Each structure stands twice: as C-alpha cells, then as structure tokens.
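Let me give you the structure first, and then I'll get to my questions.
We call the chains A, B and C, going by the order they appear; numbering starts again at 1 in every chain.
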Amino acid sequence: MIEIFQILLTESFWAASLRIATPLIFGVLGALICEKSGVLNLGIEGIFVAGAMAGWMAVWLGAGLWGGVVVAALAGGFFGLIHAILTVPLGLSQHVSGLGVTLFATSVSYFSYRTALPNVSSPPRIEPFRPLEIPILSELPFIGTILFQQTALTWLALFMVGLVWYVMNRTGLGVAIKAVGDNPNSVDAQGLSVYGIRIGAIVVGSALMALGGAFLTMSAFDAFFFGMVNGRGWICIALVIFASWKPGKALLGALLFGAFDALQVRMQTEVGAKVPSQVFLAAPYVLSIVALVIAARRAEYPRALLTPWFKGQR
Amino acid sequence: MIRVEPRNANSAIFSYGVPILSAFVALILASIPLWLAGAPVLISYVEMAKGVFGSKFAFSEMLTRATPLMFTGLAAALAFRAKLWNIGAEGQLYLGAIAAVAIGTGYIEAPAFILLPLIIAFGCAAGSVGMVVPAILKTRYGADEVVTTLLLNFIIIIFLQYMLEGPLKDPMGLGWPQSSPILDQGMLPPLMERMRVHSGLIIAIVCALIAQFMLARSVWGFKLRAVGENVFAARHAGIKVNRTILGAAAISGALAGMAGVSEVAGLKGYLTSDLSPGFGYAGIIVAMLAGLSPIGVVISALFIASVFVGADSMSRAMSVSSYLADLVVSTSLLCVLIGGFFSRFKLVRAKLEGKN
Amino acid sequence: MTSSPVLTLNGLSKTFGSVQAAQSINLELFKGEVLALLGENGAGKTTLMNMLFGHYMPDSGSIDIFDSSGTANQLQLGNPQAAIAAGIGMVHQHFTLAENLDALDNIMLGSEKFLELRRNKSRAMQKVQKIMNDSGLVAPMNVAVGKLTVGERQRVEILKALYRDVKILVLDEPTAVLTPQEADKLFDNITAMTQNGLSVIFISHKLREVLAFSNRIAVLRHGRKVGEISSKEANERKIARLMVGEETKVFSRKKLEVGEPVLEVDNLTISGSSKRESISDINLSVNKHEILGIAGISGNGQTILANAISGLVKPSSGKIKIDGENILSFDPSNIIQAGVGRIPEDRHKDGIVGQMSVAENMIIEDLNSSKIQSRGLLNHEAIMRYCSDLSSKYDVRGPGPNASARLLSGGNIQKLILARVFEAFPKLILANQPTRGLDMGAAADVANRLLEARQRGSGVILISEDLDEILSLSDRIMVIYDGKLRIAETHDRETLGLMMAGEAA
C-alpha cells in the first residue's frame, strides 16, 4: 500500500497520467458528439489508426507538425463521412457500419503505409511535438512538471473539453445536436435539417477521434506501428457511457483511466516479480469493462441513439 | 428532391443478387489501390485468380483458409440473428484453441475416438464461456455487449500470451512462446493427401446445415428470430428473452471456439499467439455478406478466403502489400451494406413542379 | 364570415404507392376563423396538412398564402422552412419535442443562429411570457420537457408555433390526450387567439367538439373533400353521415348474468421510475360475462397496470389472482398459461414481430402446443393450415400467410392479434386501447369481438381513452387517474370527465 502512495506523490506519475489520457480525451469527446446526435460511431478504432497514420505520414512527407494535425483531422472527417452517409440518410445498422468503417480505415491505413514504405525494417521516425516549456510556470514545483511539460496536443485536448462543453451547453448548435439525438422530429418540425446536423456531428466527432490517433504518432511516439492503437478506441466507447455523455466527466474519466494505467506500469516495476506482467497489461481493458458495468444501469442513453430517421416518415 | 420509400416485398433477386454484386464491385474497386501502388492491374487480377484456381494445392489452401471463416461467420450470423452483437469471435477463437491445447497435448492419453470429441467439446465450451459472460453482463447489468466483447478480445489475447509463456509453454520450444504439439490422435484427420485441408471443413459445413435447419424449422430457431426481430413482441408473447439470448450466446461462442479448435487441431498442431490473422473480425464480414444465412456463410467464407489467398499470392508475385486483401474484404462489407439498403428501400424522385 | 382569406389550397393531390391519400382537394381559410377538418382515420386529413407544412410533396396542386394587403403569394411546396416563413405553424398529434431540453430551448430551436456566442434566452423568455399572457396557455419554461405532463407538453407545442409569429395554426387531433375539461380550456384559449387575428385549422374525428368549437367544418372521406358546412347549420347526424357515408352503428349489448370472478387485483402497487410508470393501491375484479371499462387519459398508469396483468412487470406489492389462483411468477408465459389473452396497446411494437410471417405471428404465443410442433420441431403444414383457417374465420386480409406481418394494415394486424387471443379461449381478455388508430369498420369489428367474448363467458378489461367506446361497451366503469383507480357510480360523460381530470365527482 505504501508503495502506491509513494507513486501517487511523484510528479512524473501525474504527468504520465495526463499523457496517457490525452488520446482518450480526444476519442471520448468525439464519441460524445456523435452519440449526442444519436449515432453510435464504432468506426472510432479505425479512425484512430487513420489519424495516427495520416498525421505521421504528412509530417514524414515534409508537412509541418500542425499540418500533420490538420491532415489527421481531415482523414478522420473523411471516414466519419462514410459512416455518416451509411447511417444517416441510408439509415443502416450503426453497429455494422461502424465496424465496417473501422476495418476499412484500418486496411486503407496499413495498405497506404506499406505501399509508401515497402521495405523498411524499422519504422522511420519524425521529429514529434516537444513539451511546451512555459517560462516560470514550468519551474513551479509539482504542478509545473505535470501541466507545463505537456505537448501542445495535450493542451489542445484540454481546450477541446472546454470548447465542446461550451458548444453543447451554451449555443444554439449544441441545443440542436442534443435535440436531434433525443427526438429528430423536434428538429425537423422547426425546419432544421436532421440529416445535416447528424452528418456534421459525425464528421466533426470523427475528426476529433483522429486527433487522438495523431497524438500517438506525433507526440507520444515518433513513428507509426501496426497495432499501435490497441483498443484505445473501444475504451473510449466504454468511457463515454461512464461519463454519461458530459464533457467534464469525460475528462475526468480519461484522467482516471490514465492514472490507473500509469499506476499499473509503475506497480509492475515494484511487484513485477510476484505477479505476471500480463495482469497489468490486461488491467486497462478489465477496468473499462468494470466501468461499463457500473455505469450501464444508470446510463441515460440519448433517446434516439441507434434509431434511424427518415424524412417524411413519422 | 429524392425520397426514400420502403419496398414492399423482399424479392429473391435482391437477397441473392446484392451480396454477389457487392463482392464483384469490391473486387473491381481493388483496381484503384492496385493502380495507386503501381501494379499492372489486369495481370494482378490474373495472379490473384491463379492463387486460388491455379492448382489443386492452391484450391485446397483456399478451402483451408475458408474453414475457420465458416465457423466465425456462423458465430456472428447466429448471434446477429438474435441482435446479439458478438464482436468477440476473435477472443472466443483463442479460448477454444487454448482449451484444445490444454487437454490435447498429453494431459489426457486416450485413443482418437475419445480424445478428439473431448478436444472439440472443451474447445466449444471454452468459446461458449467467452460469449456467455458478456451476454450475462448484458442481460443482468445492461452493459453493451459490443464494447465488452471487443475489450474481451484484448484481455483474452493477453491471457493467451501468459499461457504460452507459462502453463502451456512447450519445454522443447527453444524459448519461443508456443504450446506443445497436440497428440497425433487428437488431430482432425486431413481430407486430401499431402494437402493441408482437413476435416474441420466438413464439420463446418455440417454445422451450417444444422444451423440453417434449426433456424427455419425448430422452436428454438423461431424464438431466436423473434427475439432478434422484435424483442418487445417476443417478450409479450411469452418467449423467455434472456434465456434465448444466453442460448444464442452459448452457441455463437461455441462456434467461434470451434474455429480455434479447427485451427490448432486441424492445421497448425500447436498454439501460437498469431494463430488467427483476424478470423474473428473477418467472420462478421462473412456473416453480413451471407445476409446472416448459415448456408450463405459457407459460400461467402469461400469468397473471402479466395480474396485472402489470392491476394497473398498476388502480392508475392507483384510485390503489392498483402493488406490489399483486407482492403477488398472491408470494401465488400461496405458495398453489401449499401446494397442491403437498396434491397429494402427504393429512392423515388419526387416531382418538383416549376413553381419555385 | 366577411373577412378575407389567408390561405387557399388549390387542387392538392398525393398518392402513396397505390393509395390515393388526397384527391384534388380545395380548401379556403379565412382570417380569425376556426376551421375543423373532419374525417375518419385514413381519410387524408393528416396527409393534407403535411403537404401544407411542407413535409410531403404534393403530386399536383398549389397553395396560396395571402398577406395583410390581400395579395396572394404562392407557397414553395415540400419545404417546411418556406411554410414556417409564411407563418404556418403545426402542432402534431405526436409531439415533436426534445425531452432532454427545457421548454424554452425547444421553443427557441431553429429560430436562432447556431454559432451565436451568447444566446439571448432572457429576450426569448420575455416574448414567450407575453404570448402566455395573451393566449392563456401557460407551461413551465425551465423544466426538462420529459418531466412535464401531457397537457403541459401540448401547450409548449402550441407556444412553439406562436413564438414563430404564426398567422395560421394547424392542430392535429389536439384533444386526443386531454380530458374533456382540459379540451374545453384549450378551445377557450384558441378562441382568445383567433380574436387577435389568428386562423386555426383543427383536425379531429370527434363530432361533439367539432360542432361546439369551429366556425366551419370541412369533411374528408377517402382522400376527397365530401362536404363543407357552417357549424351553425350542422348537427352530429348530418356530419357523421358525411364522414362515414352511412349512419354510425350502435352496439347491441344483451344483458347477461355475471359469473364467478376471473380476475381479482388486491392492493396492487408498482413504484416505477416516474409518475407515469407508477400505480398505487389498485383494487379491481372482473367476472365472467362482464366487460369492465377503465377510462382515463393516457399516461395515468394504464400502461403499467396492463403490463402487470400481462406479466411484463413485477408489482412492488399486492396480489393478482386469476380464477382464484395467485400469480406468483410475473412472466408473460405464465400469464398466458393461466388463461389471460392480451391485446397490447402498441400493436406494432408489442403485438407482432413485423419481419416474421403472418402465420408465425399467429402461433407465437402457442409454441409449446402439440398442434404445431413435436419435439421442438415446427410442423410447417399444420401451421399453414391453422393460419389459413384463422385468417378466414377472423377475416384477416393481406398478402397471405407467408408474407411479413408488417405488410398488413393496422386493422388486419389487430384482427391477427384477436385471432391469436380468441383461439386460446381465454378466461380473461385484457384489451388495452384496442381500437386506437383503427378506422370505423375495423373498430366496430373489434368491439363486436369483445362483446362476443363476453357472451362466450370471458371476463374483459377494456382500457380506453375513448369515452364513447367505454360507455357503449362496459358493464361497469372505473376511472384511472394519477395511478389510482376509482369506481364510477354513474355512467355519464360529465361525471367521467371530471373523474378523468382527477376531480371529485
């Protein structure tokens, strides 16, 4: 027990938690926007891969880091658009379409990577985002290390939490997204386009998801590996239920998750000999399932989630 | 202005035509990535066809590859029929394989007619558990089975790595994380001389026939369909919904587990952590392409296996990435989805009279 | 009426597949007028209004809107936004409210810029307040709509339209969910609004309120306008004949000696998650040869009471006895075995599996019977024979036993369910809103079947919000309000209406 407390008191632990949480923050926010509009986006896992690959590839081909971020977002938006067309105007099964987009985005990314780099033994590296060291603030004890040694993408993620909260709760657009996810007819009757709002929400949400992937190749690591997303997208789908579709809680959930993950890595070095390392490796996935089971009972799903809506049929 | 209107009757042309057309379109669309990768398109297709139909061996390889896809395809099809989203066939496959290896590598010494059924039974049971657990989490706690089965895939693969480094590790394996080989009498007999295709294929086809018959003609299948199509009406009519869902989960998991058994006890002989190149996920595509019909699964598994085997051999010959196969397969899923839409709905152009 | 027209519909037509839903309909609406659009289900009322509001594209015809100077402007068809801009507001029968938002957000939805950084809720509130004062329609503005009562929701719907400065307001079956007293109040409000220049079209099939509250009545039948009459010159008999083409039937209900009780409910209480899903201290009994009518406005606990008797929910406390036997395990299959036939409220959702065949839906409650299966395998021929027998006996018309049940019309779906229920010879029949949404012919069929069951010796519980139906069929009447059930001593409209509104009678 004492070891755990010692870990919890180190700065590096909290810095790592925030780092691990960053891609999840993007992913949960993206999933939140999609689901609030009434569409489950299981394309998330593949969109992570696409974002990771596209962002990295753009930088490797000579674009700037922010150029890579934009490319990643566009790639995410593109695959989001496919899901949106299949599930909104065509009203197809959101489950199957999402899985299809995940498989498609993943295979497009892998194929493109292999085609661009046919014969590399070790993945080529790029110069990733560096921690933003802010003078004076970075020198602060504890907080300085945790907050002010993160990269710009982490800051972007935190900013997005605030932005998504503001849009959802303080603007007419947010009201419309929430309404379309509860009762599409309410939006239709007021002369707004159900399809337009839903497609827009999915495309924007997917772009955010892709930024989570981009963080992996452009900030957490400096190269693209096969299998590097490793279920992070699916974890986001569990976390968004845990967060009851609220941006603030989504941040909290992602941070808790990051803290747990950082803790297990450190525990592994402490007690590694006694417990098989796989117990720690499996912990994040087990934790997600536990979180889902706890949250599922009281979860208030957006009422129109999974229900297609067709114009003129009521 | 274009409006969506439902078609009144589902004609046979659509239910057979759409999947075939989708598969065809996906194959044609593959010319785009081929062209982008700089490969001569037509020759690539010829190479692909040769990879499947070029020799008896090539064809038997395709059948070998189709076998696990039939099992995972059936697993997905039966679960999806009950609107139980089993996305965990990949994990359940490994559970089946682990169980098969656990009792097939010398733990029990018995003649083939005892050992083989035992291996199959344990493999199916293990796969079954892998789906019944998320089904219970769904029926008892309302936890979405899509997310739980997806996450369980990762957990089970980590568990597999533990087993291969620990309890199941082959002492003669030169330190590689792999299991001991399954005893000879525990292996599924091969079907052809000097070919890898094995009797798992026959079991898969028999499973598909039984599933088809049970779905259409048994009370069990009736209940499963009713629960899948309209859970409210099924419950109102006195069908025990949770029991039906758990039953579907058990059978679905068992079929996925059987895929694992068939791969270790039919093909490889021992277990490694790369036993399945995503058979579980591909099974979803097989099932969707089959329109969730068990007999259809057999045919669409043959198609998907042809794409994989053909693209593999083509990529060796033309030095195009073998991920092309995944690309074709996932494209065919998207195509069949869109095709499914047009078989259920038609687009009607509403006349706009010139009064605007 | 001397004032000028505000709206004319010129020869509007619309076909769906082979159904001619509207056939060159002409209609005029004058300023400050209440026009009633009367017709049976499927007569074309809602189709016509959906064309007016731009939800449907007419096949032919045009719509003119007149501005204050009296000049006609052609309305762009098939475009709800154009209709809104032209000052047309529609209150749908099924509310179009987002329940997770408060009333004010629902009202503001679509009338503000998406990306305005600061929403001016206080200015909107002022405007709504003024409308509430003028019209007398009051509803809480800052509570999530999901928590409002049905009456409040309807007022929000109307306020939503008025907020858009409508000149023409269309109300689709506005009183379907209201008590007679609430309905009267609503019509008072409407009268107040028309005095400020608003023109109102209200759609209804209730003769009484049409006569009492409109200036003019237009009657639709089978997609055609079959008559137009000033309300002063109309009477019930006259417009009923226009509406159905013949005089309405009165059911002959023979007096019968009631028998033993088949259902006894003692102190039944269910605490659901919301008020609409709760009932408390329900006591009732139904005897052989008897129809017990339960009147009440939807959402007062009928659904949950029916669910308990169907075995879909487990009571928090209290007992249900069928034929003297206590029900211990609340599961639909047990209830069916105990001899209860159930006609569900939502026949599409709970009554049939739409993708399965008509034949399969006929046997779905009877899967253990040796008539249709042996050792778990279905006997296809026997099922087909059974289905065609029942289809002719109960007059289920459709594309045949192998066709998907979803292809049947509402009336035929209900007949399918009746066939299934009646062939089990139930001791008790629970009919929840059995004629809702059916046309008069099908509704009469259902009513006659219920009377036949009573004759045969079943006990029947008839839950309905149609007071006329309750009055004409029931031997005894109870009223449900706010989860509580009370006996109606006198069977007159006035008393029942007051009880349905929760007032002592």
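The definition used in the following text is that a contact is a pair of C-beta atoms (placed from the backbone, for glycine too) under 8 Å apart; a residue touches a chain by one contact, two chains touch by 3 or more.
The structure presented is a predicted model; accordingly, all values stated were derived computationally and were not measured.
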>> Report the chain whose CA-based centre is farthest from the CA-based centre of chain B.
In response: C
> What pair of chains has the most C-beta pairs in contact?
Replying inline: A-B
> Cα centroid separation between chain B and chain C, in whole Å?
Replying inline: 46
> Per the centroid of Cα atoms for each chain, what is the distance between chain A and chain B, given in Å?
Replying inline: 28
>> Show the residues in chain C shared as contacts by 2 or more other chains, in ascending order.
In response: none
> Hey, what residues on chain A touch two or more of the other chains?
Replying inline: 312
>> Which positions in chain B are in touch with at least two other chains?
In response: 3
> Of all residues in chain B, which touch chain A in the complex?
Replying inline: 3-4, 33, 36-37, 85, 87, 137, 141-144, 146-148, 150-155, 158-159, 161-162, 166, 281, 284-285, 288, 319-321, 323-324, 326-327, 329-331, 333-334, 337-338, 340-341
> Quick one: in the complex, what on chain B touches chain C?
Replying inline: 1, 3, 5, 8-10, 217-220, 222-223, 225-226, 229-230, 232-240, 350-353, 355-356
> What residues on chain C touch chain B, complex-wise?
Replying inline: 17, 57, 59-60, 62, 74, 76-78, 310-312, 331-336, 342, 344, 349-356, 360, 364-365, 367-368, 373, 376-378, 380, 399, 403-404, 407
>> Which residues of chain C touch chain A once you look at their complex with the stated criterion?
In response: 50, 55-56, 80-81, 83-84, 90, 92, 94, 96-101, 105-106, 108-119, 160
>> Under the definition above, what is the set of chain A residues touching chain B in their complex?
In response: 42, 82, 86, 89-93, 95-97, 99-101, 103-104, 106-108, 110-111, 114-115, 118, 230-231, 234-235, 237-238, 241, 276, 278, 281-282, 285-286, 288-289, 292-293, 296-297, 299, 310-313
